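A, B, C, D, E and F are the chain letters, set down in written order, and residue numbers restart from 1 in every chain.
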Amino acid sequence: MLYHDKRLQYPVKVTTPDPAFARMLQQAIGGVEGEIRVAMQYFFQAWGARGRNPKYRDMLLHTATEEMGHIEMLATAVALNLEKAPASLQEAGAADNIVGAVMGGENPRHVIEGMLQRHILSTGMSAYPANADGVPFDMSHIYASGNLAADMYCNVAAEATGRVLATRIYNAAHDDGMKDMLHFMIARDTMHQQQWLAVIEELGGHAGALPIPNSFPQEKENQEHNYDFFATAADGSPPPAGRWTEGPSLDGKGEFTVFQNQPLGDVPDLGPARPDSSAQKEQM
Amino acid sequence: MLYHDKRLQYPVKVTTPDPAFARMLQQAIGGVEGEIRVAMQYFFQAWGARGRNPKYRDMLLHTATEEMGHIEMLATAVALNLEKAPASLQEAGAADNIVGAVMGGENPRHVIEGMLQRHILSTGMSAYPANADGVPFDMSHIYASGNLAADMYCNVAAEATGRVLATRIYNAAHDDGMKDMLHFMIARDTMHQQQWLAVIEELGGHAGALPIPNSFPQEKENQEHNYDFFATAADGSPPPAGRWTEGPSLDGKGEFTVFQNQPLGDVPDLGPARPDSSAQKEQM
Amino acid sequence: MLYHDKRLQYPVKVTTPDPAFARMLQQAIGGVEGEIRVAMQYFFQAWGARGRNPKYRDMLLHTATEEMGHIEMLATAVALNLEKAPASLQEAGAADNIVGAVMGGENPRHVIEGMLQRHILSTGMSAYPANADGVPFDMSHIYASGNLAADMYCNVAAEATGRVLATRIYNAAHDDGMKDMLHFMIARDTMHQQQWLAVIEELGGHAGALPIPNSFPQEKENQEHNYDFFATAADGSPPPAGRWTEGPSLDGKGEFTVFQNQPLGDVPDLGPARPDSSAQKEQM
Amino acid sequence: MLYHDKRLQYPVKVTTPDPAFARMLQQAIGGVEGEIRVAMQYFFQAWGARGRNPKYRDMLLHTATEEMGHIEMLATAVALNLEKAPASLQEAGAADNIVGAVMGGENPRHVIEGMLQRHILSTGMSAYPANADGVPFDMSHIYASGNLAADMYCNVAAEATGRVLATRIYNAAHDDGMKDMLHFMIARDTMHQQQWLAVIEELGGHAGALPIPNSFPQEKENQEHNYDFFATAADGSPPPAGRWTEGPSLDGKGEFTVFQNQPLGDVPDLGPARPDSSAQKEQM
Amino acid sequence: MLYHDKRLQYPVKVTTPDPAFARMLQQAIGGVEGEIRVAMQYFFQAWGARGRNPKYRDMLLHTATEEMGHIEMLATAVALNLEKAPASLQEAGAADNIVGAVMGGENPRHVIEGMLQRHILSTGMSAYPANADGVPFDMSHIYASGNLAADMYCNVAAEATGRVLATRIYNAAHDDGMKDMLHFMIARDTMHQQQWLAVIEELGGHAGALPIPNSFPQEKENQEHNYDFFATAADGSPPPAGRWTEGPSLDGKGEFTVFQNQPLGDVPDLGPARPDSSAQKEQM
Amino acid sequence: MLYHDKRLQYPVKVTTPDPAFARMLQQAIGGVEGEIRVAMQYFFQAWGARGRNPKYRDMLLHTATEEMGHIEMLATAVALNLEKAPASLQEAGAADNIVGAVMGGENPRHVIEGMLQRHILSTGMSAYPANADGVPFDMSHIYASGNLAADMYCNVAAEATGRVLATRIYNAAHDDGMKDMLHFMIARDTMHQQQWLAVIEELGGHAGALPIPNSFPQEKENQEHNYDFFATAADGSPPPAGRWTEGPSLDGKGEFTVFQNQPLGDVPDLGPARPDSSAQKEQM
């Protein structure tokens, strides 16, 4: 269970509100690379954690809880960036000077359109759980497979795309308060990338954890093609050479080779449609 | 651009059709861990690939093309598993012997209900691009960030959850043809896990690739907390010790420590609602 | 604007309630082949209809209004099929005799599971706007392109898949009341298929209406490949002959031929990633 | 920001695991009436709260935080209900005795199908953020309008449907541990219904809070029809009498009357399609 | 069943077309606070209405039918606001004077981008069933629980957020025709808020209707915490005092008190993963 | 299975990159009228094709494979149109001259906002599988009914709306390379409209293929109303005359007539709610 503190994890200050920047921040809230995703992903991984060693569950709870505070920071930042924006055309005209100054000469009408989405229409100028396009976050992006190593790579993927996003927003930021907030969040993403990879290391690294799941007897998988790079060029030209085309595999359990892809199966024949399947007569 | 061969990449045989098994296979087609996802993800990563070295683009095209053949195999397997199933209640009664034998004594009505979804109603007993619950695949799961290392971890995540899924389906399989098909696909997942990690290795491994993106000057991120594990227990009790709580970080650029999380910011104050924002008067 | 009559367009009677059948009916309510789709599609086409001749707008309003009555009939049928179903495990035990008779010996627990979705949990045993898998209808399936001929083909497609669905449900029906309701709805689908094709006929049939849109000057499209069947077999083997591989085109404006697909373009080169795009350094 | 305690808010015990019951619990996790919805809705309302009186923000944080603990309890209950379930067909056969005992004579194959969704395939027998049909929760259901009174009614709606759902699940429960957990959660829903209505009372009740938003000058709305019940029967028959057809309005600002609906507007004329809009020529 | 009149319920006039305003109107069509939602919600509540008194069903049909006319008005308004807009860049240049005048000096290119969504690409300048962000309406927002009181609060919530939205659009309107249309629709929202609350009053108000569902024996819920406000501040500081922290509850069945939240349960222990669940070996 | 060629099917050149045009192209990639849809639709129809004549399956594979190359062309075009765009506000200021020239005097800030969606934030300036509004493509739009004739009309609908979209984008194009690419794609849409209608012709045209499915015995459908146009005007005024109101039906199996719609059924009576259904007591 959780407790709250009404103070923020880290200061969130906005000197010059910018509704277009608020829109970017929405991607970090409700985008698939955003903070709702990691918070909920870590919670569901924790709540379903199985295994003799409870420490992974505990660790996940620590970090999931932290991420909730990040959503809060971003939601606060969105609301502050919308603070002084005009709410209607009429007002935009009147406010031209102020907004113009803020936006570096931008036409205020333009600003309105930038916020015209649910920020103005549906939230009264607050954050909402959708991405920068207004597409609501959908929970199918919560990856929690029941396999600890698979989940850790899902988490690395989330933090890698998350830090890419955060640095892009940082590069677009022009307000010192926003830069400060983001430089903190980017640091946290650095740590979280490390953290999930460190679990893989504890689980034996490439040699111990791969192939995932390591509990499936590898002799049950096809032994001819499990370390082959399949080349699919129509003219049979070889693929570019890389770490993955020759040499020992990373898990030390095979040798990389190249295999020219070709049909090992037949043309499928599904047979005619059944009489009562409402196909056309010609299909029966 | 692509070419096709109407033969299958690998044989797909079904001796005893099983509609419930067909439903499981749908997860491998249209689930977030499935083959539509990886095929499309690798294509979009290839089509947007930037960088002086075109080999990553080429490699992605090879594997994306291969994955299209996997969707085809699974779609064929679904259709074959639905082949002999009764299409209506009336017929189910008549077919009791056959189906009963197949299903191990199961009531045929039950079988129908198992297929009642769009397989019977909307496809006439073919595969469709949705998961085992009938939830259509949605393309927001195509991760292609423009950052090569982030994308590789997304791909490892996809192949790790993909192989977990494939082995679970294998464990539930009882038809030799289906086991044979799956033992091939599981082998390919093994290789693909290796392949994407091999790219990370080429890019310098943990030390060279992390933190992702490595092009963002790390001195711009907060230096106090970028290798801290944040502990969030309400009673201040320490988190479990692990590879991530002490010792050098995996990228060799920091030292793991533990930090007891606490509010560094203030209580946010968004100020009153604007007069024309259609809030209640009491909020203004 | 609309008016209502609280009586149904056609009688809806259920003698032996069957929750599994209720689930099938949901596909006809909230499936992509269902009645919400056609009602809303025809309304939006009508509301956006442009052109000197208002009769198409009027016709669409007539039929959209009719379709609303079909949703109502199906929703009523769902509620009646859930009428006598047990609401809990305890009751299912008690009701074994009754339900058992209805279901042909089926275990009542099974029946419950069949209805366990939102019918029992979220609606208190009524219909809801989702398909047989419980996937809510989403309005992106309302096709209204602003091009009358394109819309007519969208409508034919909707009524064709709609009648396929209705006949499949009819084939699975065992209650005379349900068969009667469906035999009426299937007849209406027959008419609606005719109706939209009749508009195409009024617009000049294949010769007059195609290619859609007929307002785009056809000389602006590539004249070399606009009546070619592109063959994509990797080994260059010819495609199967058909009405579409030789002879005059249906619109009388071209001649069908076969063209072996091949790359007419180059390998694309997107250039390196930009310095501030948060790609990996190796991509820049 | 938040802190966690790894203990649960209230005991969660399962004596006889029941995967079908686990599926019902999913509706309370990821259904639109479920706990993810209320937790996130209260957080987003708090994070965007504006107004001179900060107490509503604070109150929302208290309750949002509580609701996170409810998701945790339900996720735990799902995992425990799946604990002893067979993971494969083979095992189901072997485990017939055990499972049969648990399920009251149910065929084990049936049990498997009941869990066949992502519980078995995608989560390894844990909860996931989707409803009982496997439809992932989507965040467009987080209602936070920026208007305090509107939000309170959204919250009452959420808790009213939430308690309806919880009592339905209670009625289907047969395990004492589950009943105990639910009898606690139902009590909390009782309080939360009260709580949001108490805010309305503080805001002046019907007379003070309505119409929402009360900040829009009511003289700007049409004064002829703002307290009329519009009757839409095609034959002009009067609507049923009720509190809403005569007498003073609840806000004391009008008098209820009945108005027979009729077109006050004209047939709309959108004019022809534009020449370059890719409509058919006949529409231009 | 329904009938139609091709005239509009209320006049819809647009003197100066404004595509950006058209975009706002989309939120009132296909947003979660919009008219498709209420029309369909009231229809599904009517179609599933159970109870000895048919008047609630009848009343719902009257109002659902009215709401269909509101969608029509808004769709007409969208089409009229797009009427004179340039369809292409070329034309925008030519039309600069006209559009410039309309838009108050706005660059015409900007206007195009404002409409660039499906209005221009997919509808040929008509309305479509999506919100202002182009997110299609999804029918999971149709709340119809089978509990009359819960549904009434869902309806109040819909009309409260609906009127908030309509007044925000009114505040942004600058065309007299649009203001006239909206001042009518806002009035209707006022009535509809009243109407659904009047049903609650008929059902006994707070004392009679609460807690919802009132058919669940309240003694089965936990009696210790059903009127407690749970405080969740980490430092144990008391929550702000309000109508909900002390005094009699609104239903007169309890007394509000404050309870400092604390774990009443244990740390959950899910046990190890099963051998065949494709978890990592370390979890078994 | 598939093979690839890394060259493009047709040249894709962009002389003057235009991010707003890139956004339009997204509709052709991930819109419901776009290329992902047709590629996947044809593949799934092929993979599920049943019938004695395998040629329809083969034909579908040829064309599905071709369409994959169209997605690739469009994705390349998006990436090239984003090539020179500024990635941040700072840079936009500096780059004013270049961008200004490109955009015809457009304010660079505006350009950024046009791309602000996932193109800049989530893809690093590449295409992604969503429409022009950023709404991800969802696979429920893959129509594959198991009925060949129904599928063909679905394909005509897809190619008709597809060509409408492509011509609209052509009309908005100002770059010669883009016009050249589109004039090729529009030609392919022309052929594909022909191709699917040619299948209908092979299947017997209107007389042979209708009503779809033609395998359902037409005598089982209601014979009174299967060729009636139902008029639904409230005042009983006749519908506009058209090809569909009199004369022989297109399939030659009936005669069109007009029927004034009226209730043939009764007021439905669902009976009271069940005692344990958690309705309000008043409903029981």
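Assume a residue touches a chain if its C-beta (ideal position, glycine included) is under 8 Å from a C-beta of that chain, and two chains touch if they have at least 3 such contacts.
Keep in mind it's a predicted model, so treat the numbers as computed, not measured.
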Contact distance in steps, from chain B to chain E: 1
Between chain C and chain F, the fewest steps along chains that touch one another: 1
Between A-B and C-D, the pair with more C-beta contacts: A-B
Length of the line joining the C-alpha centres of chain B and chain D, rounded to whole Å: 28
Inter-chain centre distance, chain A versus chain C - centres from mean C-alpha coordinates, in Å: 33
Residues of chain D engaged with two or more neighbouring chains: 1-9, 32-33, 47-48, 50, 54, 58, 61-62, 65, 69, 76, 79, 87-88, 107, 110, 122, 124-126, 130, 133-136, 138, 140, 145-147, 149, 161, 164, 167-168, 171, 212-213, 216, 232-234, 261, 263, 267-268, 270-271, 273, 276-279
Pairwise touch network: line, ring, star, complete, or other: complete
Chain E - residues contacting chain A, complex: 20, 23-24, 27, 31-33, 103-107, 110, 114, 131-135, 161, 164-165, 168-169, 171-172, 174, 232-235, 261, 263, 267-273, 275, 277-284
Chain A partner contacts - residues on chain C that touch it in the complex: 164, 167-168, 171, 234, 276-278
Residues of chain D touching chain E in the complex: 3, 5-12, 32-33, 54-55, 58-59, 61-63, 65-66, 69, 73, 76, 79-80, 83, 87-88, 91, 124-126, 135, 138, 140-141, 143, 145-147, 149-150, 153-154, 156-157, 160-161, 163-164, 167, 170, 183-184, 186-191, 193-195, 197-199, 201-202, 206, 210-213, 216, 218, 220-234, 239-244, 249-251, 254, 256, 261, 263-268, 270-271, 273-274, 276-279
Partner chain F, residues of chain E touching it in the complex: 1-6, 47-54, 87-90, 93, 107, 109-110, 112-113, 116-118, 120-122, 124, 130, 133-136, 146-149, 203, 209, 212-216
Chain C contact footprint on chain E (complex, rising order): 1-9, 30, 36, 40, 43-44, 47-48, 50, 57-58, 61-62, 64-65, 68-69, 71-72, 75-76, 79, 122-130, 136-140, 142, 144-147
